[in-house]
Every structure is written in C-alpha cells, then in structure tokens.
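One structure, pasted below without further comment.
Which chain is which? They are A, B, C and D, in the order written, and residues in each are numbered from 1.
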Amino acid sequence: MAETKTRKKKSSGAKNGGALEKHGIGEELALDLLRDMLLYRRFEEKAEEAYAIGKIGGFCHLHIGQEAGAAGCIRPLREDDYVITAYREHTQAIAKGVDANAVMAELYGRVDGPSRGKGGSMHIYGADVRFMGGHGIVGGQVPLAAGIAWKIKYKEEDGVVVCFMGDAAVNQGGFHEALNMAAIWKLPAIFVVENNHYGMGTAFSRVSATPVAERAISYGIESCSVNGQDVLETYAAFRDMAEEVRNGGGPRFVDLQTYRFRGHSMSDPVSGTYRSTDEVEERKKKDDPISILRDTLFDAGLLDQAGLEEMDAEARRIASEAADFADASAHPDPEELFHHVWAEENHGRLFFDGRDR
Amino acid sequence: MAETKTRKKKSSGAKNGGALEKHGIGEELALDLLRDMLLYRRFEEKAEEAYAIGKIGGFCHLHIGQEAGAAGCIRPLREDDYVITAYREHTQAIAKGVDANAVMAELYGRVDGPSRGKGGSMHIYGADVRFMGGHGIVGGQVPLAAGIAWKIKYKEEDGVVVCFMGDAAVNQGGFHEALNMAAIWKLPAIFVVENNHYGMGTAFSRVSATPVAERAISYGIESCSVNGQDVLETYAAFRDMAEEVRNGGGPRFVDLQTYRFRGHSMSDPVSGTYRSTDEVEERKKKDDPISILRDTLFDAGLLDQAGLEEMDAEARRIASEAADFADASAHPDPEELFHHVWAEENHGRLFFDGRDR
Amino acid sequence: MAVMTYREALNQALSEEMERDPDVFLMGEEVAEYDGAYKVSKGLLEKFGDQRVVDSPISELGFAGLGVGAAMAGLRPVIEFMTFNFAFLAIDQVINSAAKMYYMSAGQFPMPIVFRGPTGAALQLSAQHSQACETYYSHAPGCKVVTPGTPADAKGLLKAAIRDNDPVAFMEGELLYNMKGEVPDDDDFIIPLGVADLKREGGDVSIITHGKMIHVALQAAQKLEKDGIEADVLDLRTIRPLDMDAILETVKKTNRVVYLEEGWPYAGTGAQITAMIQEEAFDHLDAPILRVTQADVPMPYAKGLEAIAKPSADRVVKACNRVLYR
Amino acid sequence: MAVMTYREALNQALSEEMERDPDVFLMGEEVAEYDGAYKVSKGLLEKFGDQRVVDSPISELGFAGLGVGAAMAGLRPVIEFMTFNFAFLAIDQVINSAAKMYYMSAGQFPMPIVFRGPTGAALQLSAQHSQACETYYSHAPGCKVVTPGTPADAKGLLKAAIRDNDPVAFMEGELLYNMKGEVPDDDDFIIPLGVADLKREGGDVSIITHGKMIHVALQAAQKLEKDGIEADVLDLRTIRPLDMDAILETVKKTNRVVYLEEGWPYAGTGAQITAMIQEEAFDHLDAPILRVTQADVPMPYAKGLEAIAKPSADRVVKACNRVLYR
C-alpha cells in the first residue's frame, strides 16, 4: 500500500473523522474492515510468492486493489445469505467464511482445500458458509445467482444473494437473461459489477457504448454506482441494500468502481498497450482501499502506526500460516481422480475409459 | 378484413385525407401499399387452405394482421439493402422481391422454391434480392444481422440491414450481444421488434418488467415506437430511418406495435387462456392494417369499392396462381437429399452414413 | 395397468413427483398457462400454482442456469426445453456448470436437476427443429442421458431421473407424445436408470437402439420374422449410465449386431456402442457391427426427402441381412 | 524450410491470407491490441488495421453469429474463440446457423467462415478450461473439423481452412503454440483438408490420432521401438473430412489399431473411427481396436491428478501391447 502523506492527514482530518459517522459505521467495525483487507492483501501476496516458485499453477487471478469489494460487500451480509462470484474470488471466499488455510490449500491443489485440490484458484466453494463459488466462464455465475435467489423466494426465506461479476461480463447474453428474470420475478439478488474498467486487456469503453451503471436500465432494476475503493462507502451501501432486498425490494444492480493493481492473471502483464504503467502507479498511490481506510482511521485518531503494524503483522502471520498449512497438506491420491464425478451410482456403466488400460 | 363503417368515413374524412400528406406519401405509393398488403393477406389465406388439405406441412406461421410490417418496413428500402427475419417471413420475403410463386413452392416443399423444398416455411431465402432468411431459432437472426451490417460497413457501402424479430426475442441473450456490438461499432442496422404482444401463449408483460421500447436503452441505441397497423406511419418511419442510418446515423431500434390475427402457427389455437376471443375479434375489427388504409383511401377519395374489388381480385389471382404453380412444381429427387450439405468437396470422406445401407 | 399416452405418462410422473417432494418445480417456455407446447404439463399449473409451474421467458441459457443455481441451493428443478434443438443456447450451463459442479466442488454440490424435452425429428420441421441431440450430452462425464421410447418407460424413468442426484438430460420425442401403452398404476413405479430392456426376444441378430427408434426396430423385427429371422431388440432406455451387461448378453447370443439411432452417425451413440462391443466381445462377432442412422445431412423440409433421411425399418432389415450375410 | 513455432505458423497463415484476400478479417477477444490471449495474432492489428483485426466484447454467441452473417453477405471471417471451452456459448450459431445454412438455402449461402482457437487441456486450468471439444463439431454435417498438431500442419491447414467455402472448426492447442518445427517458406503452401499424414512408418501396430496427441503417439512409438515393435503413427490432421483411405491402408498393413485422443471416450472421435474400421476392415483385424483417451472425468486442477487424467505414452504403449497380445 502507498505511503501516507502527512499533509493529507492534516487537511482531511475533519472530513475523515466524519466518514465513520456519515456511514453509520462504528470504530470496531472500521478496524475490522481494515483487518479484513490487510489479510486479503497479505494472503494474495503469499499466493503470488507461491505461484512464483511453482507451488500454485494454472490461472491465478488476484483481487489486489479490489479488496474493498470483498470486505465492504460481504461483511454486512448474514451467515444465511449467499455469495457467488467469478474466478477472482480468493478474498471473497475468505470474506464469506471459507477458512484461509483451506483456500490456500486449494490453490496448492491439496486435499485440505474445499475442493480437495480438484477445483483450484477459479473454483473455490464453501457450501457450509453459502459461498457458491468460484466460476470460470465469464458471466456463467449470473444465471446461477438468479437460481439461488429463486430458491430463497421459493422457500420464503428472507436471505439475499450477492452475485459478483467483472465489467466485461455485462456483455454476456446470460447476464441479460438473468437480470430480466430477476426483474420479472422480483428475486432477492444484488448483482455487483466489480468495475475495474478492463476485461483482460480491453477497456470497457471499447466494448460498450454506455457506462456499466446503465446496463440494468432496460430491466427496470434499480442501479447505483459505489466507490469500491472506499470500503466504508461500500459497506454502508451494501448494508442498506441488503436490508431493502431482504424486505422484498426486488433485485439491485451495483456499479462498484474499482481498479486492478495486478495483471489480469499471474501470467499477464500489469500494464501494456491497454493501460500505462503511469496509470497503474497513479491509481495504486491514490486509490488503494487499504491506504484510504488507514488514513481515515489515522486522522480520526482511531489507529496509530504501531496499531497498524500490529494488525499487519497479524495479517502476515495468518497468510504465511496458510501457506505452511497448504504446503503441509497432502496431494490427492490417484483414486480421487474418479471421486465426485457422479453423486449417485446407478445400475449400468457410468465411466467409459476402460480403467484397465 | 373488417367492414367499413359509413359513419367513420364521414367523420374522419379530413383527418384521413391529410394522412398521406402528413407522411409525405403520394397517391400511387399509397395504393401500392394497399396492393402489397392485399396480396400478402390473400397469399397467406391460400397457404392456410393448402395447409388444411395437407399440401403444406410442418410449422407454418402466418403474418396475417401484421402485413404492414412487411409492406411499410420493406417498400422504402433500396434493392441493395438487406432484410433478415425469423420464421414468420412469407410476406417479408415477397416484399423484398422473392417471387410469390417461389415462396409458395417452398411452402409446398417443391423444387421451384428458393430452397428447392429443403427449407420450408421457416427458411425462405432470396440471396439475389438480399433477403437473408428465414430463421427458426428465436433471436438467432439478430447477431446475423449485425454481421450483415458489419459487411456493409467493412465494404464502405451505404446500404442498411433491417432485422425483424418478435417481442419474445428480446429476452434472448444473443439479442443483447448483437445490439451492444451494433452500438459500439455504429453498424447500419435497424432492429425491428414486431411487437404483437405475445410469444406463442405468453404475454410480453409476463416475461418483461419493462416495455419493448426500453430494451435498447442500455446500449444507447435510439429507439422509437411505431403503429404497425398504420402502414403509412410505418412506411414514413422506415423511409426516414433508413436515410439516417444510411448516412452514418448508427443503429436504430423500433418497437413496431402490431397484432397477430391467427394462432402462433397453424397448429396453435387463435385464442385461449392467453388471449380471449373477444380481444382478437376486437383487434381484427379495429386494427386491421388493410381496413385502415382502405378507409383512408376511401375517405380521401383515392379509391372506391370497385377499385378495391379490382385490386383484391388481382391479389387473389396472384395467390391462387402461386398455389397452382407450387402444386405443379416437382417434388425434389431423392438424390437432392445429399446436395448442398457441403459447398466444397475435399480429399477424404465428408459423409458418414454408409450410403449402401 | 392403465393404458395411457406417453404424454399422460410424463404428466403423471411430474405430478406424482411434485406431490411427493415440495422441492421439485417445473420451469420452461409455455409450461404453465399454455399447458406446455406439447401439453405435457397439462393441469399442473392449476394443481401446483405458479411458483412451482413457471412460464419462463425465451431465455434458454438463463433459465437453464437458473435451474442449476436452484439445484445448488437445494431445490430439484425440472427444466423443460421446448425441444433440445433450442438447448444449444443453454448447453454451456448444462456442460460447464451442471455436469462439472459436483466434481469441481469435490462433492459439495450435488446437482439434482432434470433437463427435459423432445429430441430428434417430428414431421417436416426442417433443419433447425429436427436434430437428435444425444451426443452433445452423453459425451460429458457428469451428465446422465435418458431416452424413453414407451409410455411406461417414460413414466418410470422420469420419476427415477427426478429422484436422481445427478443432472439428467431426459430426451423425449414429439412423435411419441400421442403413443399409447400400458403403464403400471403404482404411484412408486420407478425404472432405475441404467437398465436396458429386451423388447423382443430373438436369437439370430441383435438390433440395439434407444429412444423412439425402438418402434422402428420392432417393425424391422416383424419384417425379418416373415423371412424366418428372429431378432433380439434391445432398448437401452438410458445411454448414460449404460447397461453393458445386457448389450454383451445379446451380442454373445446372436453374434451379429445392428445399431439403430435417430441421429447422425459421426460420433453418435452407435459409434460408442459399436466401439465397446468390438472391444469387449471381439471374438463373439461373426460380422461387423452396422449402424443405421439419419442420413448424414441437415434434416430437409420436403416430405419425401425427410422420409428417406430418417432411419427406416427397411434400412434396418437390409443391415440385418448384411450382418447375416444373406 | 524455416523453423518456427506453431504460433508463428498460424500468425503467418493469417497474415498471408489477409494479404491475399481483403475479405478475410479476424475477430475475437483480445485479438487486436493485446495481440491475442496467446499472441497468435501478434502484429496483425498494426498491419491490417482495426477494421480487419477486431477486438470483440466477451459475447461468444454474438460475435460468432456476427461472423456467420458477415459470411452470408460475402466476407470470409476468421472468428477466434479464446478457447473452444467458451464456444459452448456460441455453438447454437455454429451448428444451427453456420453448419445448416448452405443446406437450408439449397446452396444460396456458402459459409466461408473459420472458427478457431485452442481445444483441450493446457496445464492445471481445471474443468471449465480444459475440455477437448471435437465431438461437438464433428457430429454435425456441414461443419468441417481441423486439428493440426505441428507448425507446418498449422500453417498449411489454416490457409486451406480460410480458403474453404464451408464452416471450419479449426482446433489448436495451447500447449502447441510454443512448439517449434520446420515450415515450408512458400507463400502458397497449402495442406488440403482431408489428407492424413503418416508421421511414422512402422508395420506392427497402428496408432491413429489427431491434434496435439500426435506427439504422445510418437513418444509411445519410440518406447515401443525399444521393445522391437514398429508402430505406424497416423495423424488424421482433419477429422471431418476424414482420410479413410489412409486409415484403411495402415489397418490392413498392421491389423492392429489403437486410437489415441485427448478428449473423453463416450461418442468421441475414436469411437467413430473404431466403428468405421471394424465395419470396413473387419477381416483385417487381429485384435479389438483399443482407445486411449482422457480419463472419463472433468479435468481436475491438482497437478498430479491432471497428469494421470491425460492420455500418456505409457498408456498408449500398454494398449499397443494388448492389441499385440504381448
């Protein structure tokens, strides 16, 4: 995260002091949100290290820079609420209650991962904590979210489902079909576009004639834009929205403005023809959700450097513990290859690969 | 078509007399539009007869009641403009220049049909007159239209493509993907929803929270609603729109308000739980595009009963001639079964059904 | 035993399973107010209300995905495709979500969902409405494929499919809906998935098939009988899981096999069965296994062309004679 | 002969064909400014401009359909799928529009379009990014399927595919892009579709395969050689059209066949080839034809599991030994 500038602290003191009140967020909660984001940051930095030395393979999409989209959106939810998302989901899994050690074990492809190493970075699930994955087909999770919301309504529960997607996902037909169904059936779903302005190397402005926020108008779904780098604003927005949706307010659509500090995946460059290094550095300096909250708490006198360092040490400890846990976890046995293909055996043959060969 | 009411004639004289001027439509053109619609009506009534006696099989979707959506939308186009549509396309094929005899022959499944009887009612094509079919997957033609418009732009031509679809097609994801691409690339396409308010037995209001006209807002595409039972209004709207699109105005979206006088297809009931007989009879009386234009021309003194009957006789003549032509046309030879699967033979085998068996 | 149509048998199966389990619901185009495009869901809206019998927009990808999400959350959706021809739009959700979810989550999310509707050709519906789609679903591990050919099989198998905890592509036939047959009255009449049915006992040659082709196979068997040839007619009923024991039994009895299917040959079901038989009963084969399939062309509209494009009893007879070297 | 990577060979083919015919254009995700997710289109934007090298939104169904419409209107689109795993979203336009249009219009609309991208598994991309998709395209008449395994084949076949007037599913391999090989310099170097290539001459057993598995087959042949067994290795190169003559030739020479493929077994390419061989060369087979395929499971992420899920040279060797009764 970027260094604090003393000048900034002074000048913005009053304003920042008021930020908590403005959003109706208490001190402990604010500190927890910082703890959350620090953990996510350190956790994924660990994953980066592990990837670099080949402990993690395949695609690995980091949320670094977008952590408020995990802490701010998910902390306000209830345990019985659902979350579903795409492949940039490590932090959101942890936020919904999947154990950090287990998430790291999944990245390592080990049996202590929620999918016993079969899913990997893009397919983290936590059925017990209602974290519904972890999906790799862009936009694929959006109709699923409608189905989860359908179940909530069908069972006359008062939960909500929060469905995350990237900005590029709004160009998928399934997104539209799902939003239309959510609208006609007033499903309790919050569709959140984590709008980091790029789909891989393509700026959203090049693949849409209108801003993200306008993409739900056609369905009459209430939309709003939220500053996804300000975790307090994000938290407040989701706290209030979840309440309204819970009480039958119907679906919502959120343009969560954010920015990706890393490359699209570990194998992609941070910057290139599609965005300049300056742009990235600028945003990292100005728009780091952790620095922003840190400064707010400093200015409000709720946190000092020592306290921050303590917190950060704790985050680093959990992250490296997770890496150690993952590394110590066993590789799946060969026979696990054939487990979990079928939930139910029937009479007759289900596998056709001639095991003897 | 419904009987004229003398009272109506008198009272509406002035207004109707002005209708042509208002839309900048000359007398001959107005009469031609009536001729067009009469032909379409009589042609499809013939098809109905032929279907009843088993000369036509499969699905057969009639345009009866919606004829202004053929005459009014297509007559203003140039020969080098393109038209693509769904499966309710008999009249639109004729409007774009496919010979009525050939269309009927296709319905009969005979070799003188544009597809030599292989396509049938849902797949009429006229490559030579740039009628691009004739498509059976709801919404499937919409991305194709974007591709045709892409070609126009790619070749720096000044044509346009008019893409028809039903109201239910706007709930297909492909519709959204296509409109978004048309918007970002400013493609010369006019997307027309023939909004007859029902998709088979489902009222649009049951599968959409918003009116058809709002379904293009998300893409920033200019939209308008047109009274599709008033062929003069329809003609004027498309004449002007085509000019604007031709001159680089980018894509347009049209909610063409109309009504289906028949069942969804020949095998479906005209009315039922989804719409009452009264509703249908009411609309037939009030909203028959042929009666409406007829009355306008009567009131303006541009047509009298005798002239109308003459026109109608001519339409009936062409329709029954088409039926005779179709009936006289040969059934495709068995070996035609294997023609037109592949445009290009290569080395090696392309067919795998063991012809000898 | 009551005599009823294939349509009524499906309707009963749906109704009984919805009675039995409140988590079962039916969603698809025209299934509610219109009673289904082919009236399979007749009366269900009235009986179960619009939360359990749901008219969807024409959004195959969307409502198939909605079903998958609902199944993840614990419901047991029955998703109707008006025909499987339209399911090409939805297949990403069937293969990439439904069929793979249980594996990707290492068993956290069973997928008790049925995708049902007609497959294959009816009469003169042309190329985009006449395709037999089995291969697109049977190819992928994680997806079961059921193809009932009679009213009794339709009822017993649909009930089994709805109770199964894996995704099932349940493929019916437009031309079967009006077909009548005897169906056991028992409310709990279930035909387990993966059990083939020897619909005719012969001994000279084996005609193996699935789905609506069973009736063509039986016609062919009758014609052969006139020539003094007795054919086994084996109806697989489900093509994944597959009753390989039943297949090998008839093959070892007759040593001659013809596979009959409605769809195209290339990488069709018959190709798979043929490859397995020659591998597992190589020494029992007195002749090559022949396949009778749809002509390898998109389905034409013209009545005469369509008729010769479809597999016929005569072509089956010819193939049987060939494997009998007659 | 120049030595270049498979990636460069594809890039050259695209560049040369775009030079040759102004109606050829490339559209897909990240193909322009990003030079392609796998850099296959590197430099083409600069060379041909943004009307001919076009970054699309993530709208597979939409831009595949756009390509089909453009082809109807006379252009020759090359549509890139970042991988065929994502093309499940677009398959309706490939099968129902592209593959059937020429037939439904009785020849009015040829469909000169290429859908290209990698198929099958790379390294640890898990179930939704590792599927081999050949069957979904080869099953349907009207669609050609090309699967080059070497740089030379990639270049010669892509040029042929672009010049072909039928829709072609051109299936590459992520793990092949960096592979080097000799490629003829000739600007007009074309490998006609439907011509198999005997990549190794043996005589004891025939290993028939396609796509990236050709390299596994050759490894297996080397291992067998150590045991004194000489294998024919036949690379089909295109699976539709199919060089049946070449297949029958090697079968009649060795009388023993193993089909190796990257994908799943059920109704896979190997099933089709096996069914055809046993039908057309029944008396030439001294052993059943065995298939070596991906394990019949969704692809797992864990390195160790993925390794054993993929077909290996050892499994091919084992299968060869079995058909040789050793």
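Throughout what follows, contacts are C-beta pairs under 8 Å (C-beta built on N, C-alpha and C of every residue); 3 or more make two chains touch, one makes a residue touch a chain.
What you are looking at is a predicted structure, and each value in this text was computed from that prediction instead of being measured.
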| item | value |
| --- | --- |
| Centroid comparison with chain C (C-alpha atoms), farthest chain | A |
| More contacts between chains, A-C or B-C | A-C |
| Whole-Å separation of chain centres (CA-atom averages), chain A against chain D | 36 |
| Cα-centroid distance, chain B relative to chain D, in whole angstrom | 41 |
| Shared interface positions of chain A, touching two or more other chains | 115, 118-119, 123, 135-137, 140, 171-174, 176-177, 180, 184, 206-208, 341, 351-352, 354 |
| For chain C, residues that touch 2 or more chains besides their own | 56-57, 59, 61-62, 85, 88-89, 92, 96, 103-104, 126-128, 141-142, 240, 264-266, 272, 279, 290-291, 296-298, 300 |
| Residues of chain B defined as touching chain A within the complex | 171-177, 180, 183-184, 206-210, 214-221 |
| Residue ranges of chain C in contact with chain D within the complex | 61, 85, 88-89, 91-92, 95-96, 99-100, 103-104, 126-128, 131, 134-136, 138-142, 240, 263-272, 274-275, 278-280, 282, 285, 287-291, 296-298, 300 |
| Residues of chain B touching chain D in the complex | 82, 84, 114-116, 118-119, 123, 125-127, 132-137, 140, 142-154, 173-174, 176-178, 180-181, 184, 339-344, 346-352, 354 |
| Chain B partner contacts - residues on chain C that touch it in the complex | 29-30, 33-34, 37, 55-59, 61-62, 85-86, 88-89, 123-129, 264-266, 290-298, 300-305, 308-309, 315, 318-319, 322 |
| Chain A-facing residues of chain C, complex | 25, 51, 56-57, 59, 61-75, 77, 92-93, 96-97, 101-112, 141-142, 144, 164-166, 192-196, 238, 240-245, 272, 276, 279 |
